[in-house]
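This is the structure, below, for whatever I ask next.
As written, the chain order gives the labels A, B and C, with residue 1 at the start of each chain.
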Amino acid sequence: MPDQNPRVGLFVTCLVDLFRPSVGFAAIKLLEDAGCTVEVPMTQTCCGQPAYNSGDRADSRAIAENTIEAFEEFDYVVAPSGSCAGMLKKHYPGLFSGEPDWEARARDFSAKVHELVSFLADVRGVTAVAGSEAGSVTYHDSCSGLRELNIKAQPRKLLRSIDGLELVELKDADVCCGFGGTFCVKYPDISNAIVEQKTGCIEASGAQTLLAGDLGCLMNMAGKLKRQGSAVEVRHVAEVLAGMTDAAPIGGKG
Amino acid sequence: MSGREAILGKVRTALKAKAGDTVRLAAVNERMAKSAPGIIPARGQLPAKERIDLFCAQAVKLFASVERLASADAVPAAVAGYLRQKNLPQSVRMGDDPRLSDLPWSQEGALEVRHGPSDGNDEVGVSHAFGGVAETGTVVMVSGADNPTTINFLPEHHIVVIDATSIQGDLETAIAGIRARFGKGEMPRTVNLISGPSRSGDIEQKLILGAHGPRALHLIVVGG
Amino acid sequence: MQITSPAFKQNAKGALADVQLQQALGNVRSGFIDKRLKAVEALPEFEALRDSARAIKDHALANLDLYLEAYEKKVVASGGHVHWAESAEDARNIILDICRKANAKTVTKGKSMITEEIALNDFLEEKGIRPVETDLGEYIIQLRHEHPSHIIAPAVHVTQSQVEADFRRVHTHLDAARDLREPEALLNEARKVLREEYFAADVGITGANFLIAETGTSIIVTNEGNGDLTQILPKMHIAVASIEKIVPTLEDASQILRVLARSATGQDMSVYTTMSTGPRREGDVDGPGEYHVVLLDNGRSSMLGTEFQEMLRCIRCGACMNHCPVYHAVGGHAYGWVYPGPMGAVLTPSLIGVDKAGHLPNASTFCGRCESVCPMKIPLPKMMRHWREREFERGLNPAAARSGLKFWAFFARRPALYQAMTAIGMPLLSLLGGKSHRFGWLPLAGGWTRHRELPAPQGKTFMQQVRSARSAGAR
């Protein structure tokens, strides 16, 4: 039986903070509906992946220290992103190797970190959500969530619990969309070739809406779909699960 | 300094190891002495009959053809039959392995049997396997004075006679058999593990049989 | 071979625009992946075998000096010769020396990435010895004066119609009216041409998938049988292998063989797994009269004991590139040297220097698919990140990217300042985005907007909204 009323620190992620706050509010609603007390520490910025994946360990470590200090008091740390949660959970401890005190602190912190949808399903035992969405949706498995955190069944299970929602499987759903953080601007032509494969599969699925759990991937796929003139609408899975789809889809409609 | 000393020196420095470290050496020697099997797939761990059936089924999956005979005396007739079925000349090449040469070839009057290594002009070669591996449908061929390796590769058709009792469930057991025959740490010049006829996928990944080795592999399983 | 890794971006651009290449790469995207999955799913012990295989290589690497010495002893005892080559140049000279002693005019070659690494063919040709590649894929690219674009499927970038054109161009002694429309016809033609070469060759050169310390055996794994004809017909067999190919026992090799073919081509076993120990024995009626092994270091020993040691577990199955979205997009030649794909992105900087190969570990989305299929569980993304760290430490990455990163990190480390800045910037950007909720172009975002729209921010940042709500007394 899960804790009655755990304190959850919401790590909202820099992209949601800056580009799509509605995902953050959807996350709060989902967590509160699952019996959590949600708090938003004001000293958070970014998980540090841009620095970490660019080989800048010093800045990564400094950012990690800031995040750990902001969040270590909570029962759980939850992020609406597999990539950022993966960074916090799988990569933070290694940034402090050789510093036993900090490494231990980072390990304690990391043990409490979860991605939003898997937290709801696996830790809070949520089996159905009150979300609303008419029509057909398809789901892309973002790489870090899938391979670092084993997120695959959970979003599908919760989506299927929504009345009126038809979940269509996406061909090559587990293949990268070509975003890759700074990769997409360092190697734009290659990134474009990869996302073109992806949007081809999305169109072929026939779904009206594309969902995923990571805003970076979503912005990449939405940006390509819109450039191609696609009518597919793109949203973060949390918006649909929370039934908060008033905001315009990512990159707008049509 | 020789290349040997330079390389070993660099390796030892990188590993922070000293030459003549008896503890490491003992561990290494023990590992080689034990030659312990690792993880053995359950697939081949079957009673004799099922094991031989699995061997045949796996070989067929690899596009080998399989024929089962109750007795080795029937091998020459089976070989002649294979040649007729494939519209091949009644002529085969084989080594001097007594397991083959002692068979009643003279009963097949029309069949020419040539002995010795292949020079590339043989349509059909016949060999006797050392053993088999059921988990993958593999035959184990061992080279020697009476078992030329060229016969395994040069003829267009390769017929392999295998004693059903020599078919093991897994590769490790087959290796143990080689070790038992040739001695610990010793090997024949060549051991060929053959799993189906030669093939290539190098042109647009299309699988085509008969790349450089035999186009067809025919297994004659005797007994079992 | 000429290194073009520094021009990776231009190489990639050319590859993306190459219609024929893109058509050929479609075969990689489909075939290998489904076949591997089927083979893996059919073997319940596959995951346990991966762990077993990894442990074997880790143990062998931790005792590499001792296993090399044990291996050498056994090779010599079986009548073979062992040569130690510190560098590619040493290896080339050793091989030339052996070939000259044999008075060799023609050498046949089994498929071997290690001889690509030491650029053996060009060297032998320069010295008047004719190398003939016998693996069908290698033969095709030798005719085209190209290099492999894939470590197990060297001609995967070539289409069937290109092969036909090459065969017509080179095999001028054959009937010009012959029908070569089917791949079978192409294969038969290569078979016939190469049969003569096997018999003409004085020396056969192969690589090795494994060296067995217990017995002094080298193992090669092929599907065509070309490696075998290469090593049994000439009077001399030279096996060229890098030092990390060593495993303690035949049983250890069996464990790794079970994951090798499944990961590479989706086969349970390759057609021919051949174990060679020494030269022809007394009484033998065929087989090579001399057996030489050239053990190559060429940078491996300097990977030992570093964060790149785990790369030495690699068994060259190609699964990482078969599953790599970047490889699928640009193919193998864009990587600019011998080893492409994720394994190349880690190995190439070790072997030719990160100053030349710096793009390779950067050109990855870190999707992690390579690591998830690697039979030896090599943490490829982690090691690519280690290369990025080395580049960052040495200031090798572009100045603009570096200063941009530092600018961003300055704010990311200072939450109050970060939030103050973004609270001004994002609403402005949102306004600019207007009703379309996206940008087709934006200053400094050219890398993004060249190929896609940039979704506009919604307005006030999340943190800004939470802060306002707090001061209003809620939450």
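Heads up, the rule we're going with is that a residue touches a chain if its C-beta (ideal position, glycine included) is under 8 Å from a C-beta of that chain, and two chains touch if they have at least 3 such contacts.
The structure presented is a predicted model; accordingly, all values stated were derived computationally and were not measured.
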Chain contact topology under the given definition, line, ring, star, complete or other?
line
Just to be sure I understand: the centre of a chain is the mean of its C-alpha atoms, right? Then which chain's centre is nearest the mean of all of them?
C
Return the chain whose centre of C-alpha atoms lies at maximal distance from the corresponding centre of chain B.
A
So what's the Cα centroid distance for chain B and chain C, whole Å?
29
Give, as an integer number of Å, the spacing between the C-alpha centres of chain C and chain A.
32
Rounded Å distance, chain A centre to chain B centre (Cα mean)
53
Two or more other chains touching the same residue: where does that happen in chain A?
none
Two or more partner chains touched - positions in chain C
none
How about chain C: which of its residues touch chain A in the complex?
9, 12-13, 16, 29, 325-326, 328-330, 362-369, 371-372, 385, 387-393, 397, 401, 405-406, 408-409, 411-413, 415-416, 418-419, 422, 426, 435-438, 440, 445, 447-448, 450-463, 465-467, 475
Would you pull the chain B residues touching chain C in the complex into a rising list?
2-4, 6-8, 10-12, 14-17, 19, 24-25, 27-29, 31-32, 35-43, 58, 62, 95, 116-117, 120, 135-136, 138, 143-145, 148-150, 152-154, 171-172, 175, 178-179, 185-206, 208, 210-214
In their shared complex, chain C is touched by residues of chain A numbered 12, 14, 16-22, 24-25, 40, 42-46, 48, 50-57, 59, 62-63, 66, 70, 143-144, 147-148, 174-176, 178-195, 197, 219-220, 222-224, 226-227, 247-252
Residue ranges of chain C touching chain B (in the complex, touch as defined)
24, 27-28, 31-32, 43-45, 48-49, 52, 56, 59, 62-70, 72, 74, 78, 83-86, 90, 134-137, 140, 153-156, 159-160, 163, 183-184, 186-188, 191, 194-195, 198-199, 213-217, 223-226, 228-229, 232-233, 243, 248-252, 254-255, 257-258, 265, 267-281, 283-287, 295, 297, 301-302, 304-306
